[in-house]
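Sharing a structure here in structure tokens format.
Read from first to last, the chains carry the letters A, B and C; within each, the first residue is number 1.
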Amino acid sequence: MADADEEVINSTSAEAPQIEVDLSDETQDFRLLNHLSFLGDTASSSLPKRGEKDFEPNPTEFQADVLSASRQAMHNALSHPRIHNPKNRVIGFYAPDGPAPPPQYVETPKDKGKGMNISPDACVCIPNPKGKFFQNTGQTDRWNRVWLLPEEALYMIERGSMDIRWPTSLTGTTEMGGDVSEDEVSIPMSLQAAYACFMGQGGLTLERYSVFTGLKRLGYTVFRAPGWDDSAKPEDSNNEKKDAYAQLKQLRHRGPGLAGILASISDWIHDPMSTASTTAGPVIGCGIHRSYSDVYRKMELIPWYDPVLAPQRDPLDTIAPFRVVFHVYKPTNVIKKTALPTPDFRIAVVNTREQTSIPTLPQLGALLESTPLDPPSGEKMERLLYMRLRHGYRNVVLAVVDQGVTSFLRIGDAAFGKEKLFDAKHVPSGGKKHGFSKQRRR
Amino acid sequence: MDQPTLPIPISFISGRYLLFSIDDVTYLRREYNTCGVLIGTLPQIPQQNVFLGLPLELMPEEARLLVDKGVACIVDEAKAHDGMQSLLEEDRRQYLRELESQGLHATRILAERKDQQRDQKFKEKSDKKAATARAAAKAGGGDKHDSPATPANDSPASVADFFDDSASAKASTSTVPEQIYAVTPTTSYPPLPRPSTSSNNILARPDVPLSYPLFAHLQSRGYFLSPGLRFGCQYVAYPGDPLRFHSHFLVVSAEWDQEIDLMDIIIGGRLGTGVKKGFLLGGPQLSREQAESEIERTESVRTFSIEWAGM
Amino acid sequence: MASTQSEVPTLEPSALTNLIASASASGNLLSATTIQVLHNLQHQHLWTSLQIHDTGASQTATDPANGSSKDISGAPTLISGIPPHRVYTHPDQQLYMLGKGIHEDDLRPERLFVIPTAQGQTWSLRRMASAFDAMAEFQIVEDGEGRAAPEVDAEKAQKLDEYYKKREETLATKEWGAQRLLLAMVDKGMGGDGTVVYYVVQEGEVKPRQN
């Protein structure tokens, strides 16, 4: 008895094979991990296929055996130790009081007050940095030591790439006999200790950390954005606003010269207000109409929002959680931490337990306005209407975190008003099934 | 997988509830259908998000239920780690020795593995040679037995055995290789003493949202509950361990007299049916003002399962 | 419990508006929705033996918390009837039937209850529960007006007998689900077109159907 439409909806959502299956969407059977070899051999660390699951428990022994095997596999996988090859081990020291010069360094009056140029939130110091990680992680001070932010340090220890030590100043030294270096007498921090000491430091929440590591694990390069500090305000909001208005005027003003004159003539011809009869008389007015485009243009009565003309907003002129906290770069780009290019993605992090409703239009609007203009460009975008609409003129990614589960939503500022469907060249061609109605997730 | 000493300490870190001990995680999963969400990176396969590792994040509801059952307690982990400053010289030394022997054990296993792999490769090579020789001699069809693709199936278990008590004993008796692997332990217990309920860093039981009674009700009926973000609901309910079973319900809680938009019921029902799940709407008949405790509220829960009628 | 069970008057399908207009003269705000759903069941979904169960406008329900009585304004009016095809079969029931070789069409038609609602109407768990509680009060004796069970051979009759016996048992054990009804919602929102959607609502955790 159902409508044909409904059947379609039902079947596509239920068993349509074209829906992308994201393995990380669901708990996977850890037995699949057994097919991967564990230590060393990285060549085989490709991902297994998803396992078959049952609908409901039944009293069969077979099912019980499979379950206990799965749990054993999970137990084994989670018991895997973090060990460091002495040849390439990286040792860091926890600095509970933040960045400081090396202990043997005696501050001369000349150097006094010379900043270390290190974020005050940094909490781990690596005296001898080596390895690929430090190309895009941490900050280097003038003694060639690398300082890590809490999330960077925690990620490094978690993935088993760094051996972080308690400072001996805190735990006291331990005589182990033989010659003494701090590497040997300091106590290694456990993963648990690292969480206890770094989480909550310098604005790091578990939600932000989950987003950070989730992206790092996929190879993205992630840096804090200026909006990281919830309480940070624009330095001089008045000046900024003036600038924005100046920009706006600039945008509205036509260019000089012949092109400008031609533009204003065409404006005068097409300006719907110039018909002056819209309030009382017919919308289009009498006269000879030579093309449908003119007719449709005159029928454009409803004002629409043009994201190009929206004022640029200071990224700090937004209210948490709807402000950008991460700048993210695609894995394919080589990023030098000393010269950061424009990020590929800007991410705001939302905790579902603190923000229980979807953002309001002013919240979302402010967030989008705080991102730079990123109009659709390229041959494909020019050709495909729906791709243009979906890309939008500004965009931001919301990372929504619910108790450890993260979803990414891309918000694009689409400009429907800019797409003149009556102009033949804008008529949508193909690509309909990639319509913007489908929520995009990455 | 022995039973851990109760109560299990749940780490309270920066407002969240975390578990770091694999034995605690396995035990709670098996005995209390509490699965939490793994949020950490697996060191053996760090560049992916499909399989995650420790720590395990618990919802405040999960932590509260375990505390109310007397199975767990909440530890202020930052405060507990202040104890690092007051470790006795002797404990410190013993702990470093322990880590060293674990590292030694790891080093040995890796060395053995390397030898095995080399032998394996050598064997494969010689097998191949032999096969080619045989094939040349017989000039016959392919022999399928010649590809001993022996997967290292036993390796995960042996690697996981690192921290067995026997391991350190074994390690200390054999010769010392010149370069020993260093170990980053997962938990801080030891060197810190395992917290007991009388420690001064034990916190009060967690505050929970209004949906707690429905959560506790479903838990008591054997369901495993996960955060509901993926389906836009409060919880996803599984009839068994999510490792092996698909979920049955998208769960939303409401107070007894809370106004519900009928459209939300339709949306939930339709979404659920679309993914072969039921939409479960429920809540306690007693408000917080009317009930003495959350337990009393939990006993008054009524639920309704909703599916599209298909007409 | 006071309840009136009235036979549905014969309706002219094209006269829905007139019908609602005349009904709303009675002053009952919900009755328009009720009649619209009734009309939809009768004419679009071809239900038979339709009845309206008025639970009484000033019905009171006892609040389990403090023992006091709380007025539920407009306790839900229910509709019941017999659908031409089974609307719902519990997964385990389906499995059982499959094992016995019983087809859905072999079974006696079953009366199903419907709560008529309209988009925008206030709703709560209490109201949902009161509909279920009210439904339990109505014991309907089928007068044979609905479709009779199809003729079957002796072997099948025996299997059906076993099935009905099992069905009787499951009412107590609830293994094939407890009470159920249909929630009907009329689209009356902005630009509402009068579409009626139906959802199966069952008390308790009832596992979903897999097809």
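Keep in mind that, in the parts below, a contact is a pair of C-beta atoms (placed from the backbone, for glycine too) under 8 Å apart; a residue touches a chain by one contact, two chains touch by 3 or more.
Chain identities (UniProt): B = tRNA-splicing endonuclease subunit Sen34; C = tRNA-splicing endonuclease subunit Sen15 domain-containing protein.
All of these numbers come straight from a predicted model, not from anything done at the bench.
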Ask   = Of all chains present, which has the mean Cα position farthest from that of subunit C?
value = A
Query = Looking at B-C and A-B, which one has the bigger number of contacting C-beta pairs?
reply = A-B
Message = Nearest whole angstrom, what separates the Cα centre of subunit A from the Cα centre of subunit C?
response = 49
Task = Quick one: report the Å distance separating subunit B from subunit C, using the average Cα coordinate of each chain.
result = 44
Inquiry  = From the mean C-alpha coordinate of subunit A to that of subunit B, what's the distance rounded to whole Å?
reply    = 26
Query = What parts of subunit B, by residue number, touch at least two of the other chains?
reply = 239, 248, 273, 276, 308, 310-311
Key: Multi-partner residues of subunit C (each touching 2 or more other chains)   = 45, 207, 210
Key: Multi-partner residues of subunit A (each touching 2 or more other chains)   = 1, 55-56
Query = What residues on subunit B touch subunit A, complex-wise?
reply = 1, 11, 13-16, 18, 20, 22, 25-26, 29-30, 35-51, 53-55, 57, 59, 77-78, 80-81, 84-85, 87, 89, 92-93, 95-96, 99, 102-103, 106, 110, 113, 151-153, 155-157, 159-160, 162-163, 179-189, 191, 209, 226-230, 239-246, 248, 271, 273-276, 308, 310-311
Query = Mind pulling up the subunit B residues that touch subunit C in the complex?
reply = 218, 221, 223, 237, 239, 248-249, 254-263, 265-266, 269, 272-273, 276-278, 280-283, 285-287, 290-291, 300, 302-311
Inquiry  = Applying the document's contact rule, which stretches of subunit A touch subunit B when the two form their complex?
reply    = 1-2, 9-10, 13-14, 23-30, 32-40, 45, 47, 53-57, 63, 66-67, 70-87, 89, 155, 157-161, 163-164, 166, 170-172, 174-176, 187-193, 195-197, 199-200, 204-206, 210, 213-214, 217-219, 352-353, 400-407
Inquiry  = Considering only the defined contacts, which subunit C positions touch subunit B in the complex?
reply    = 45, 63-66, 83, 87-88, 117-126, 128-129, 132, 177, 182-183, 185, 197-210
